[in-house]
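Can you keep this structure in mind? I'll have questions shortly.
Letters A, B, C and D mark the chains as written, and numbering starts fresh at 1 in each.
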């Protein structure tokens, strides 16, 4: 039996087994759950070689499974994040309802994502895509609240994307007679001009929905915040990257004859930049951590889309690097929110505050993830951001640079809001009982956060597989031109040498931290956050001094003109318009026999009229 | 071993230089403010006395580990960015890490300090601190945009993103960038007004409204660290402006003259200005400075 | 070496020099005296030339300037502010009201003798003292610091129980964190 | 103006039988009523006669008659007239109705009077402390409260001002006014 079959079978069987094991024993179920993700991951990374394919034929369709070098990058995200989150999920789901179905969907969506990466033909690609969509949809409605609003939104958008993709696949088949992706790529340059635009756009709609591109992002905030946090890490970290994966395939391999700077690419890049700016602004306005991270995910995906659309070597490097980094830090942050929600019961900034002394490890992980998200050296996010800016400047996209820079500067606002809202500020009596999350939840967070740190000093570790993957889809080798193990360069040869920077930063930080820590340490004692200079008043235990309402009101007032327009509204208007049309249609059926008689007469008259006119 | 020691020695000398110059400039600004207001004013070395007093003051309390990390983060930014900025032109002295990072890197490093300090302020739990921080971050989003536009204009005009490269371009063409790309200079100077946080952009510390904002709970060693890192940071920013727009400096005297000339701009502007509200400050930067930023980019693209 | 008596003396001299030339003042504006502070600080009298500068919060301040009568209600806040200040710290009582009650000597809610409740280093008398007098008071404080005699904080620490007793006599509902530095 | 004044007095007297009028020159009208009538007469003045504005509520301590007098001063912006409504309370049991439903700002005055004179207002919902903090014993604005004695007992006194004379004594000496006995006792 081929290894790929085995892996997919383990996923499928593991999902079913885990679901039924829950009826027998909880520990058995948890163990099966972890094993059915861990074992395929180990098998995949040890026994599956890139660029070796197997053919199979089912029901007359020729299929081809195997992993490309390019897909291998994304399999790192999917399986790496999946394994780490699965440990977290066991602890997160302890004592909740419907654990079995959660595990089932979790395993299934990981398996489906790997299946998407493995499938080299459109039939299996589409099937796995649908499995992924369905399992994630079930996760979105897992909590059972707001199914109408959020679940349906997600479902409708996914369906629209899927139909667009299906249409593209059918068109492809009618032209090439084959479902293989490579065939389409080979044939594509000879197609007519219409097809050159139509096929990529249809695919883009399909992938753009998953990667939450600008006009198609409306489902994302609700869906991300409504799923259990253990899954949202995967949802935002890995599942949305499937859209990026597809988009790269389209942008690069399908339309590789469209030169850089073509209007098609420009439009996508601008859409990405708008996604980034608006997503960031909306994230700043949120008071709920899940919503904030959801909008932030949208914004981060905007950077990635921009990078993909620009399509130079450096831009691709940065987009893929940011994809991996985004999986790392957004995974950490969603897990941290999950931990806080589990320990306190809420994820609202206006309610929780001052957890730093109660959940120090969660804070540490969040701090590192936030620094990576903000793109501050020496952590990994900086490398991706740097490469994105340099690629934009080098390829003459000056306004895009400003937009992206604005978005990532404004990102500091919500970064600070996240840290301040949960961990800093007044320690209230209400949260005095809160304890640190269990080790099984904390350790995965720390591991992922440490990943961002290592990649900040040695981006070459992950850039070399990315380089291999990019060479597989037709790019030049980039090592030495754009990156070394711990150096990043731009097209003009300007460099950032990360290693001494990291050392220097740490030396300075340690020096001053120790100076502040040890100077008159014996005479320094800790005082509570109630012991502050508040005009001589002594705040009482129950008096809440936390500042969390309207946190960035002055800023939001300044950007108000942009915020006033919501894309949501347009969709709602559209939906309402459709409803009105349907409503009108319904009115035709009055239920009165006389009216129907009139309809028949009118119809006959019209027929006669036509007959006379056309054939008379 | 020896090159590393040599480097560390050079770095320490740079830091001391930056500290002394920054502190003296702060003292000078107090003196000049006083003279403008028809006062005698404190002596020029007043800030050194303040620093000495602050460090000799006992610090009996802390609100948690982040309160210590906040000033340390700020110091990382100040000294870190100092390491990447060429102090003198030929790079024989004080060439600490000048060739290891470029402008985009520096931009990011420079925003780290406010964020770190904001975290430290958040740990103290004083609501005034948090309000000050939100104002400061909002203002930062404001002035970063024209500042980045000016830098992007320079980068595309000279096809380099490194500071050293821009300085070489100036010495090669024999003219300063302030003349060859004037709009970028205007945008950058307008952004600098916000960066230095003098009036009318002193909305962060606003002592009368916010009880000095983020530093409200910090006295003694914390305040000392913030004050010294603030003055080092002032030197960093001034030197960066001189390097980018005024052709750098060949010797220390020239550096002092040029940096002081730049320093006078935000200071004198601040002397005659009241304070803005936050959204007014943000919108100020998205008005004329943004316009000049666009002009600069267009100018750079055309020429 | 560091604990050597002579070197400690030199350190003290240097530290005192810095302290006396850099006084961060927290002006607790009670009563009518608050209006005397702006002229003291601004152009005409210019206290900044002595290194005197306003501080916004007690954590940063060296000098607590009490500018007038203190009601029992305000006294509670002033004590709190004083205890939040970090060593070394000084108190200046300002105006007759802080010395002997002034015109409020028979009021039911103002205290009359401040130094029973807080260790006052320098009193400035007058009703109200003019800015010249205020500056004279600061110069007196500076000379006390130079001589090492401004030890109000030490006095407070040593006689804390007695001070507490006096304070609790006029402030019945005593809710305050411990003072232990 | 005199016609309007007399019209108002007539209307009030017709509606409230216990209202006693005392005439003053100028724009001032003065009624004394029983304390039970206070809410209704104020309501009537506000809603029917246009006295929209509550200027002040104050209290006088008539120690000799063992009564408090509470005075409401209200103002009509239309007629440019002000009405004083007085009522007397028993000093031993000073209780009256709360009127902050008629004018919200009455709340503040009532809290102050409660604290300074000890007058209880039925249904006044407010924290006990207003200007004083943790005050126990006799309310300080009552005339039988011995301020000087309290101050001497509670606060420290710095020696050196024993020979200082009371300003009021000097003033009475200068003006040659004869001070009544009760004033000597209480007015310090």
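Heads up, the rule we're going with is that a contact is a pair of C-beta atoms (placed from the backbone, for glycine too) under 8 Å apart; a residue touches a chain by one contact, two chains touch by 3 or more.
All of these numbers come straight from a predicted model, not from anything done at the bench.
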Checklist entry - Taking every chain's C-alpha mean, which one sits closest to the mean of all protein C-alpha atoms? => result B
Checklist entry - Where are there more C-beta contacts: A-C or A-B? => result A-B
Item to check | Chain centre separation in whole Å, for chain C relative to chain A (CA means) | outcome: 58
Checklist outcome for this item: Chain-centre distance (mean CA atoms) for chain A and chain D, in whole Å, is 70
Checklist entry - Once you find the CA centre of chain A and the CA centre of chain B, what distance in Å lies between them? => result 36
Next on the checklist: Where in chain A do residues touch two or more of the other chains?
Outcome noted: 523, 525, 527, 530-531, 533
Item to check | chain C residues counted as touching two or more neighbouring chains | outcome: 57, 59, 76, 181
Checklist entry - Touching two or more other chains, which residues of chain D qualify? => result none
Checklist outcome for this item: Chain pairs satisfying touch are A-B, A-C, B-C, C-D
Checklist outcome for this item: Touching chain C in the complex, chain A uses residues 523, 525, 527, 530-531, 533, 535-538, 540
Checklist outcome for this item: In the complex, the residues of chain A that touch chain B are 354, 356-357, 367, 374-377, 382, 385-386, 389-390, 393, 396, 398-399, 401-402, 405-406, 409-410, 412-413, 415-416, 419-420, 423-427, 490, 492, 494-497, 500-501, 504-505, 508-509, 512-513, 515-517, 519-520, 523-534, 545-547, 551-552, 554-555, 557-559
Checklist outcome for this item: Residue positions on chain B within touch of chain A in the complex are 58-64, 66, 68-69, 71-73, 75-76, 79-80, 83, 97, 99-102, 104-105, 108-109, 111-112, 115, 118-119, 122-127, 130-131, 133-135, 137-138, 140-142, 144-145, 148-149, 152, 155-156, 159-162, 165, 211, 216-217, 221-222, 225, 277-279, 282-283, 286, 293, 297, 301
Next on the checklist: Looking at the complex, which residues from chain D come into contact with chain C?
Outcome noted: 131-134, 136, 140, 145, 147-148, 150-152, 154-158, 160-161, 188
Next on the checklist: Considering only the defined contacts, which chain C positions touch chain B in the complex?
Outcome noted: 14-15, 17-19, 21-22, 42-43, 46, 48-51, 53-57, 59-62, 86-88, 181
